[in-house]
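Next come two complexes, and both contain chain A; in the first it sits with chain B, in the second with chain C.
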Partner chain A sequence: MSNATLAGPRPRGRDSPPSADSTPRRRRSGWWLLLAPILAFDVVLFLTPLGKLVGASFADNAYQRVLEDPLVLRALVNTLTISLVSTIVTVVLGYVIAMVLWRAGNVTRVILFAVVLLPFWTGILVKNFAWAVLLQDNGLVNAFLQGIGLTDAPIPLLHNRFAVIVGMVHCLLPYAVFPIFSSLTSIDDRLGLAARSLGAREGSVFRRITLPLSLPGISAAGLLVFIISTGFFITPVVMGGPGDMMIANQIDYYARQLTDFSGAAALAVILTVMVSILVAVYQRVLKAGGQHEDN
Partner chain B sequence: MKTTNPQQRALALFSIPVFLFLVIPTAIVVPVALNDSRYITFPPEGISFAAVAGFFADRAWTSALTASLQSAGIAVVIGVLLGATAAIGLHGRKFPGQPAVVGLILAPMIVPTVVLALAFYQFFISVGMVGSIVPIGLAHAVIATPYVYLTTRASLAGLNPALVRSAQSLGAGALSVLRHVYLPVILPGLISGALFAFSVSIDETVMSLFMQSPGATTLPVKMFTDIQFNLTPKIAVSSALLVSVATVGLLLQVMFVLKRRSSARMLPLAVSAQT
Partner chain C sequence: MTASVISAGSVPRSGRAAQGAIELRRVSKRYGDVVAVDELDLTVQPGEFVTLLGPSGSGKTTTMMMVAGFEEHTAGSVLIDGSPVDTLPPRERNLGVVFQNYALFPHMSALENVEFALRMRKVPGPERRQRASEALDRVGLGKMGDRKPRQLSGGQQQRVALARALVFKPAALLLDEPMAALDKRLREQMQEEIKTLQKSLGISVLFVTHDQDEAMAMSDRIVVMRDGKIVQSGPPEEVYNHPETDWVASFLGDTNLIPCTIVERDGEEAVVDLGGLGLAKVRDRGASGENYAVSIRPEHLKFRTRTSAGNGCAATLLSSTNLGATVRHRLMAGGHELQLRELSSDRGAGIVPDEELWVGWDADKAQLLVLES
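Presenting the complex of A and B:
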């Protein structure tokens, strides 16, 4: 190998195609060994179980059976409406947070990032437990509402759809903040300066520059949040009422209450197909917006 | 933040409730656990460690804690080994099937956990692996590995593959290259990946719920089961324990970000979350 390969400038993190003489033979044949463990692991413990699941879903006329079940249809409608409302609320609140992060100085930004990331690190059960404590009849929120004289008696805030959406939005917010923040940071600050120097007001700078240029971030955030929403399982049980069950709960009901595996498997396949289509669209949006899925 | 004009002041004002909405639920967990009352209330009526003592005296809860730590241990060890080897194996290489390989590695992140839970439930029954923590740990390893892969890959982004070739041309063997070239570079990524894997496993509920058995009930499963009947001080203590883990993870992540001096380098966000 010549020293020129060492001295020559290379783009960071990118490998230029190695010339035949710069690649020793043992490296060429050996590196597959590094991929073998993960491939074997994923084939046995990921693809095989999923394959068996898909196989089971075709037994006993399962698809027709579950799609004729009124409970399933209600769960599907619940999933779509709850996910849609949660997504809209999450994206609006996420936009506010992303704007503040975007405008913040360096130190403030790190602190606020930590605030956004704390619920991201906290498990869903812990977050839902905390919300149950806050929203219960003698909880902080009801005490506050009574304190400011908005109500005399506690309002039932828990075990209903409102609570489910609160719990979901709280879990989903970090996922909305990051795509929006990253599309905001890619806006050229000089556009705003130019507009202001030409007499534009803050409102119209936002409406005509910031908002349109952050649309890729908004659509990425909306899709990501919607995708995650459709799989919620814990929150409807802990915070919702009997009428707020979503598709994931219906899968659980089929599997563990009815012990109808093929029915549960059919529902799981339906959910996975829905999510996969949305993920494919999401990746399109990311590519169009010039963002990368991994940061 | 410069709040010179009314619009920015309005933004700052409007954002305060949103930030409170984010923080308050997590912030109340520890005070609730230390509340001096038989009931779950906030604000607390006084500080007491009675609930903590009660938690650690209760066999059902301590064995749930043990089960959680065991499954997290399995997930971290497998996740680190598989994620790191995969990231190194794919570093600086292009080959025809590569997108498919990367897709397979990341795929567990996008399948809803309830679907995986059902698939594992069926699978582990069919191979006769039930009633222990091992299948739960393995299931957690499946979803934790992509995180480790991504964090390791991120830390490898700055390593010039030419450096690896030069080490090899100077006679370094495969193991020596791994130890002296790759290991120092990937160590930060490995640590944050391991942390992520631990956090994913310790919080995972749905798969553990489907695969639970008397000897293998994890902390979140115990919480989930109890929470449906009553909000008890022991659930609060368990939540406080998990929040402590989350806080350590967050602090390490913030330190990691500060050291790198860029907020863009946040750890990868999964497409799928623990829901």
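Presenting the complex of A and C:
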């Protein structure tokens, strides 16, 4: 039987509520062939190495060995706390920038976009060293603080956790600004007008309309930024102290200093599993939060 | 500030009939060199349904936005119930606004949408829910309170928007093309429902539309706007039957425009020379300009016999088109192409076979107007 009659979209009155069964079902064989190129690419260049890595991680009691290493545990805790703080700071700052971009006029918007994108196009080493120059003991920031008489001696701004987070936030900001900005621009301007006509002040408009409707952007930004954070490697080296090393630094240490490749592989697997669990929990929480909002 | 909002929000229903006067005094809106609204004078009486009718770019929506407080006027004054509101933000003007696409909050249920204004006025929870569900009941959506806007049809969304705009008992209701997104049948149904609701609440309405049928069907008074100015205002029948300019006549439906010269003007009546159609007596509203024409609506032209009284002329039939309820005839008479529309059920009434075709009209259905174009 020809299913040509079923293939067309079913005419639906403009006034009928959208129904779930209105999408025509197409059964065509061979659709997976369209996926074949990307599948082949993934299998050869991603899944195979990943499989080898996972395989290597089970050799020589690697897991037991790395988990008994106090430096590894320290690095794991560092990774989670630094990533979490960086993510929160980045999303909050990113939200503010996205709001300004959203409300800005055309010219301001172009300039701000350039300012946000510039670090995006700049190498991470350049950015980190630039911050190092600014934050060092005789750097611009300390000179300024002493100049206005706020401090007598330089305060330590570099080679500590604060510096790592500053460096990371600077790199991560564009990843937060763009998802949030795009969710803000998808909000109908008239919703704000309607809320005002119904008696809302600016604060209520933000809290009850703008913020809840930009939640998808915030959650996307949070997820993206957190996942990227956990893999930071150069920033802790350039800007952190000895106590701020993250898991990527440990992997590097195992692979290059100790040439313990199964240990490095085990660390990579631990990091991946840990982040996956956190992401799953995060999405659960967000989903539940979305269902109970405003009650 | 908050106190005034709360007291306005809790005014008893009986006290509202006296409220809701909107007045615009020489209100202008300029964007740089562009004048969007030009020294507009407009009054909406308490309980009156006034429609701003005009093509896009005529300034009608800008006018409404200035009343609502979303746009600042550059000159003049807006008054609600006699007191100027020029410096008041929208939230303190106590006006219910329904937007073109309803602007329902997508993340809130229908009930929460309606509750919003009461929440902003700090009405306690139980009373808030009670009043919001009453408002939903009033628009026939009592059982749909839990649904999100996207789960509602266009007509239902509009009802929610109406309930939301009415629940805090505003001084007046502002409607910005609220039916543009609905199909024809639903639009007609909603027109009636809004009209009924408006009458039962006795609330004043400022309605913005470009749809002349909608304006005719709903308004107590139509204000026709063009290029930021009012070109004519009055009850629907008056504006329709007695347009002052050819632009108003054509904007409010089909019409026959016959250029003429004035022979004699005498108060409400004038005698004009219609060229090939001879001399005719027509209605006159005293409008003056350089060139004149007479407007006769197609439904006011009739087939007649030569001996009938009144204005008339021999004609030849060019074509006839059946439009369902009506039939449209194109005729040539006195060197002018005319349109005549009659009910399908009366098709050909007045035509006497084997006699010359003759069209005529009643003097009070022909309107003298100024030819602008």
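The working rule: the second predicted complex is superposed on the first by the 221 of 295 C-alpha atoms of A that agree within 3 Å, B and C clash if a C-alpha of one lies under 4 Å from a C-alpha of the other, contacts with A are read in each partner's own complex, and residues count from 1 in each chain.
Assume a residue touches a chain if its C-beta (ideal position, glycine included) is under 8 Å from a C-beta of that chain, and two chains touch if they have at least 3 such contacts.
Just so it is clear, the structure is predicted and the values come from calculations on it, not from any experiment.
In the superposed model, A:A200 makes contact with chain C only, not with chain B.
In the superposed three-chain model, the partner touching more residues of chain A is B, compared with the other of chain B and chain C. In the superposition on chain A, A:P212 contacts chain C only, with no contact to chain B. In the superposition on chain A, A:G231 contacts chain B only, with no contact to chain C. By the touch criterion stated above, A:L117 is placed in contact with chain B alone, chain C being left untouched.
In the superposition on chain A, contact of A:L150 is made with neither chain B nor chain C. Once the two complexes are overlaid on the shared chain, A:L53 sits against chain B while remaining clear of chain C.
Chain A uses residues 13-15, 17-18, 293-294 to touch chain B in one structure and chain C in the other. By the touch rule above, chain A contacts chain B in their complex via residues 1, 5-6, 8, 10, 12-15, 17-18, 22-24, 26-27, 30-35, 37-39, 41-42, 45-50, 52-53, 56, 93, 96-97, 99-100, 103-105, 108-110, 112-134, 136, 138-140, 170-175, 178, 182, 185, 202-203, 206, 224, 227-235, 237-238, 248, 251-252, 255-256, 261, 264-265, 268, 271-272, 275-276, 279, 282, 293-295. Chain contact summary for the complex, chain C toward chain A: residues 5, 9, 68-70, 89-91, 93, 95-97, 99-101, 103-108, 112, 116-117, 120-121, 150-156, 164-165, 168, 181-183, 186.
Looking at the complex, you find that chain A touches chain C at residues 13-18, 188, 190-191, 193-201, 204, 208-209, 212-213, 293-294. The part of chain B that touches chain A in the complex is made up of residues 1-2, 5-8, 11-12, 14-15, 18-19, 21-26, 28-29, 32, 40-43, 78, 81-83, 85-86, 88-90, 92-94, 101, 104-105, 107-108, 110-116, 118-123, 126, 138-139, 141-142, 145, 149-150, 153-154, 156-163, 165-166, 168-169, 174, 199, 202-206, 210, 220, 223-224, 227-228, 231, 235-236, 239, 242-243, 246-247, 249-250, 253-254, 257-258, 263-266, 268-269, 271-275.
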